[in-house]
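Okay, here's the structure, questions in a sec.
Letters A, B and C mark the chains in the order given here, with residues in each chain numbered from 1 onward.
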Amino acid sequence: MVLAGLVALVLLAFFAAPPDDEQGDAVRLIFIHVPSAILTYVAFFTTAAGSAMWLWKRSSWWDITAHAAAEIGVMFCALTLFTGSIWGRPTWNTYWDWGDVRLVTTLILFLLMVGYLVVRSSGGDDPAVSTRAAIVGLLAAINIPIVNRSVEWWFDRTLHQKASLTDGKLEDLTLFTLVFGLVVGLLFFVWAMIHRFRVGWLEHQARAEDLDEALEARRSEAAAAGSSASGGEA
Amino acid sequence: MLADIAAVAGKDLRIEWRSRVTASQVIPFAALVLVLFGFALDANRPVLERATPGLFWMTVLFVTNLAVQRSTSIETSDGARRALLLAGIEPVAVFVGKALAVAVELLAVEIVLVGGVLVFYGAEIDDWGLLVLTCVVATMAVAAAGTLLGALVAGIRARETVLPILLLPVLAPVLISATRAFDDALGSVAVQGWAWLGLLAGFGVLNSGLGALAYGVLLEET
Amino acid sequence: MAIISLTGVVALLGRFPGLAGVDLTVEAGEVVLIHGPNGAGKSTLLRVCAGLLRIESGHGQVLGHDVRSERPAIRRSVGLLGHDTALYEDLTVTENLRFWARASRVEEAQVPTALDRLGVPSRIHDVAVRHLSAGQRRRTALAAVVVRRPRLWLLDEPHAGLDAGGRDLVDALVKDASSAGATVMLASHELDRTVDLATRHLAVAGGMVVGDHGPEVDHAR
């Protein structure tokens, strides 16, 4: 509840923050867009780490974390793409640019996360679904960073501003709001993760209980057959 | 190990040859896609030339989907289920063998596509070396990732729909890089094709590596 | 050392417990008949012993390999005849057998011998499996097991789908394997047939072993 309050607070703050006069009001979207982008990658790395831990240690804790992070991450990714697109229209006169590697990378990441979730939901009761999804997670983990890095290694075709946070050219209040937005976004992320994780954990528990029940039923089947067999032996 | 890889690849290719699906269905399909795009863009020659590399690799993506489906279905057909597992062949050998078979099929189709592009789109090849190497390296990366994904969806219901959903984003970086390299090879855009080829090699190594490691885990899950 | 030793093995088929806690020890040279109603877990038990199925809990070893962590090694050393034929439909009989021989590091010269043993006529050696009858497929599948000369034979309903001659052939194969020192486990409904073959009868129900005795007991019923 406290966190929800904070979220509301920052939404108000966005409207109170001073506009950057070069780009007008549209630039306010940056306060959502940049934190969203950063959190997308936080979620992405969490899923990647969770996938690796599942494959290595068979840890259910990590598996549920990976799943939770993917669900939350896909939301942030969609938000990033959406806000970026709307911001782009008045700023660069286009909703989308296929030549911008960063845009395309984020779209690919989005599709990969959707693919991860599709694999997760397709398993039904199959316990192998965690492994399958984990492999998708790892495929994403190895491919995405390369595409990102390759931008800086060889080519320079992007409409994106270079990392302006590190430039120090931003005005103090804008910088503050940006960081504040990031912090709030992070808190929201953690809060959402905790809740989603709990749901996943409860599902996990429920399945374990189902298994115990099924084993009980199966064993009583065996006991019945065993006693009738020995009864007939006499 | 090498003998096992050869056995698996040989088996897959022999089955493919026996059933003639590649020759009688996949190649005509690829040619058809090329022709259809040609119809759509023919009135606009410069656009067609500019789009050729992209169209080429998109066709390869469609064909990969088909090829991987077939490669996986060989192992999941009624009779042969788990035959590879039972035979006790190392999962890495299975992976490499099956990926090799898929790569061979893809290369066969690509040869036809290059011919098609030369004939139907009037493309001119500036750099044959780059072209051929791009095909080889990109195909390896595509076959590796595709084989891994094929095994991944093998146990899922509705796998024919899930495979393309996964194939596209995983292969997108490879296809984009290959398209850029082709841009250079076909002389339509001044980009550093060889640099893109290097990137392709990177993808190839990474995807093959992950495939080799993860394939065994996948097989053991069943 | 026992050929098979399982303790408290639970194996899942999806979420259903196929095996609900199996304790079993099988010594070398035994011929064990596994019988029980449909759905009892006979096939599941064989698959666990073949290293095909992962176990949920419990532990054990087959042919000296851990049943949890060394399943590929188990698979290489056993010969399983399951419900699937494990044959590639588009390849011929000979091609299938050669594939199995190569995978098991057996010389290909053994292939014709195995096929003859199983009474697979040479006129169909170069026919694709797709075109064979069910009985011929079963015989070919058995030949694939024979050609591997495994130390542990796991046969799931080997008599099913075969004519009278084929059924006698299976019995002869089991006898030969046993005299050669191999261990055989077969799941079958045919109690009478196997009374001369089996040294031990294992009754399975509800995913557990509920009876374990010599063949005379069941035969007397």
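By our rule, a contact is a pair of C-beta atoms (placed from the backbone, for glycine too) under 8 Å apart; a residue touches a chain by one contact, two chains touch by 3 or more.
Keep in mind the model is a prediction, meaning the values are calculated, not measured.
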Among line, ring, star, complete and other, the chain contact graph is complete
Pair of chains joined by more contacts [C-beta pairs], B-C or A-C: B-C
Comparing each chain's Cα average against the average over all protein Cα atoms, the nearest is chain B
Calculate how many whole Å lie between the centre of chain A and the centre of chain B, each centre taken as the average of the chain's C-alpha atoms. 29
Report, in whole Å, the distance between the mean C-alpha point of chain A and the mean C-alpha point of chain C. 47
Averaged-CA centre spacing for the pair chain C and chain B, given as whole angstrom: 38
Indicate the residues of chain B shared as contacts by at least two other chains. 221
Chain A residues counted as touching two or more neighbouring chains: 126
Quick check on the complex: what are the chain A residues that touch chain C? 125-127, 207, 210-211, 214-215, 218-226, 229-230, 232-233
Listed in rising order, the residues of chain C that touch chain A in the complex are 10, 12, 14-17, 20-21, 36-37, 40, 56, 203, 205-208, 210-211, 217, 221
In the complex formed with chain A, which residues of chain B make contact? 145, 148-149, 152-153, 155-158, 162, 165-166, 168-170, 172-173, 176, 192, 195, 199, 202-203, 206-207, 210, 214, 217-218, 221-222
The chain A residues in contact with chain B across the complex are 55, 104, 108-109, 111-112, 114-115, 118-119, 122-124, 126, 128, 131-132, 135-136, 138-140, 142-143, 146-147, 150, 154
Looking at the complex, which residues from chain C come into contact with chain B? 50, 52, 54, 71-73, 75-77, 80, 82, 84-91, 95, 99-100, 102-104, 128-129, 137
